[in-house]
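Sharing a structure with you now.
Labels run A, B and C following the written order; every chain starts at residue 1.
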Amino acid sequence: MHLDHPHPGPAALSADAHRPDGTRRALRIGLGGPVGSGKTATVAALCRALRDQLSLAVVTNDIYTREDAEFLLREAVLPPERISAVETGACPHTAIRDDISANLEAVEDLEDAVGPLDLILVESGGDNLTATFSKGLVDAQIFVIDVAGGDDIPRKGGPGVTTADLLVVNKTDLAPYVGSDLARMAADAKAQRAELPVVFQTLRGGTGVTEVAAWVRGRLRAWTA
Amino acid sequence: MTVTGVRASARIVARADGRGGTALPVLDGEGPLALRRTRSAGPEAKVMVVGAMSGPLGGDRFTVTARAEQGSRLHIGSAAATLALPGQAKGEARYDVLLHVAGDAELCWLPEQLISAHGSDLRITTRAELEAGARLVLREEQVLGRAGEQPGRLTSRLTVRIAGRTVLDQELACGPGATGGWDGPAVLAGHRAVGQLIVVRPEFAQRPVRAQVLGECAALVPLTGPAALVSAVAPDALRLRRLMDEVLTQLGCGERP
Amino acid sequence: MSRAALLVLADGRFPAGGHAHSGGAEAAVKAGRITSAASLEDFCRGRLHTAGLVASALAAAAALGVEPRELDAAADARTPSPALRTAARRLGRQLLRAARVTWPSAELDVLAREFPKGAHQPVVLGLAARAAGLAPEDAAHCAAYESVSGPATATVRLLSLDPFDATAVLARLAPELDRVADSAVEAARRVADEGADALPAASAPLLEVMAEAHAAWPVRLFAS
């Protein structure tokens, strides 16, 4: 990344930390993970938790366009002009990793249209355990899995589980019903991730998204420091 | 024996007559491009191309030039469809239409269909040159073959320029000898009638039309200038015309009685 | 001139956003007009000789050094569908972003400054080829190839078409593609004397009309 060496010229190229006018751009956090693990619900909860203190926007990458964007609109977590959907040509991982150009357009257009922004959440379309975000697109990434997807996922590893800056194990309230062993998941995650943080959450009651929101705030403090 | 084709030309100039109407100081046509002024109410002069023979045939060269001068209103139609036929002369036939519209003038070019008969070979160009503030309604419809007939070769280019800037440049080539894929899923997909309708109005600069899908195979779109275009393909001439008429009415420029 | 640079620019994995565009194939598949390798070939052939030829000539002219603004206006006049104009500009902006990192050049920086919302993709492609030290012929081939490779790849995904069959379609089109690129370069060379009117204006009514319909779909896999 060229954090301190913005490219010359009018348009930011990739991971530059500055916008064309020289101001610091928004922190970009990616949320990836398998289909149905609760990425969109986590994005919605994060927006509700952070929108009063931060200027936020969301980019969604659906398999089919707009499904997730429309969920966010229905839930009214952000005004529509702060939500942008990117088509992925049936390859969600390509759009967040191999060819990030459409997503970069989307985040920059959001900053132009509704900026200045503090934070942009980029939500991947549901994909497999190898789908990670390019460092050219996001500054940090959250990988969301859920207990119902099998308690062996942390043990299996894969780039998402192993390298994401934050691993979220979602839907812990379902663990008793699907026979998932949370302690074992925690131990396996620790083994795979060493010091990288893991959050167990349920968005139905309890502390909800609080821990993830706190982690995001921490990243933002580091970004603006 | 060398057979040369027919050369025919028509020239029309429309001028405001100073009494709120439009005069036609020039109205010259010949043979297949004979012209008649027809009765019309209001400020508009109405002219019909009354082709005295079918054509163009291979080797023929037709030219129509129409000029609507400042403040005039000119409407040009044709009495019948134009039928491109094979001829004895070698080479393609050409049909060139050149339209000039001055600022604060209006020209409606609404000829009947051009039918490309089997064995014919025609290249038609339509060029509209508009000054800033000019108004234009231009329709062109091409029918590929008479009923149940394979089409001839037809190449048509339509260019519209407003205040020196080209806002539309489209060429369509079809029939035997045209480049591959012309009847395939990207271009015509078996449709036998294809048409374009362009409407230029100064007010479109501020309020462009909204893009709109019309039925299965047509769309109304704003161009990059004070102009709107309907592009359509249809199974036959009748259905194409019905669609064109609907849009003309919607845009408030339907046929006046 | 580097032949390898052409491979880099023409690589389907060159990160310029093309993977999310079907070149009209998604709409044609839904309309039942592309159902097989044969109809894909017919679609691609039609696209090659219309939109492909125009893109190829624009790219060649840009690579020859024709004023981008003039070419961009010519592209507008040859693209009646606003959905396609938007897609072409978006792809142009994405390509410009990738090209500026890949082959840094003052010309590309100027283009980015003049077209903050993006220039038509073939115009950018021509200038990217120039920045990569490639010839107008290379730019023309690249644009012509993209006009068919995009729909072929998209159709593999949309119809689960056998990828070997789809690639064979591209191989069969290769001789025609060479001819299209040659005539595109020939037209581009005339632009210097005759202006942008010398550029081909071949059009495909269904591509334009269906692009408008596709843009209005609430649910789609591809951006165009």
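What we mean here is this: a residue touches a chain if its C-beta (ideal position, glycine included) is under 8 Å from a C-beta of that chain, and two chains touch if they have at least 3 such contacts.
No experiment lies behind these values; they were computed from the predicted model shown.
Traced through touching neighbours, the fewest hops from subunit A to subunit B number 2. Summarising the inter-chain layout, the chain whose CA centre lies farthest from the centre of subunit B is A. Distance from each chain's C-alpha mean to the overall C-alpha mean is smallest for C.
For the interfaces A-C and B-C, the C-beta contact count is higher for B-C. Centroids of subunit A and subunit B (each the mean of its C-alpha atoms) stand 55 Å apart. Subunit A and subunit C have Cα centroids lying 32 Å from one another.
As a whole-number value, the distance joining the C-alpha centres of subunit B and subunit C reads 30 Å. Put simply, subunit C touches subunit A in their complex at residues 13, 15-22, 90, 93-98, 100-101, 109, 112-113, 116, 154, 157-158, 218-223. Of all residues in subunit A, only 7-11, 13-14, 63-67, 86-91, 94-95, 98-102, 104-105 touch subunit C in the complex they form. By the touch criterion given at the top, residues 24, 28, 31, 33-34, 39, 42-51, 53, 73-74, 76-78, 80-83, 85, 176, 196-197, 200-210, 212-213, 215-216 of subunit C touch subunit B in their complex.
Per the touch definition, subunit B reaches subunit C in the complex via residues 157, 159, 165-173, 179-182, 184-189, 191, 194, 211-213, 217-219, 221-224, 229, 231-233.
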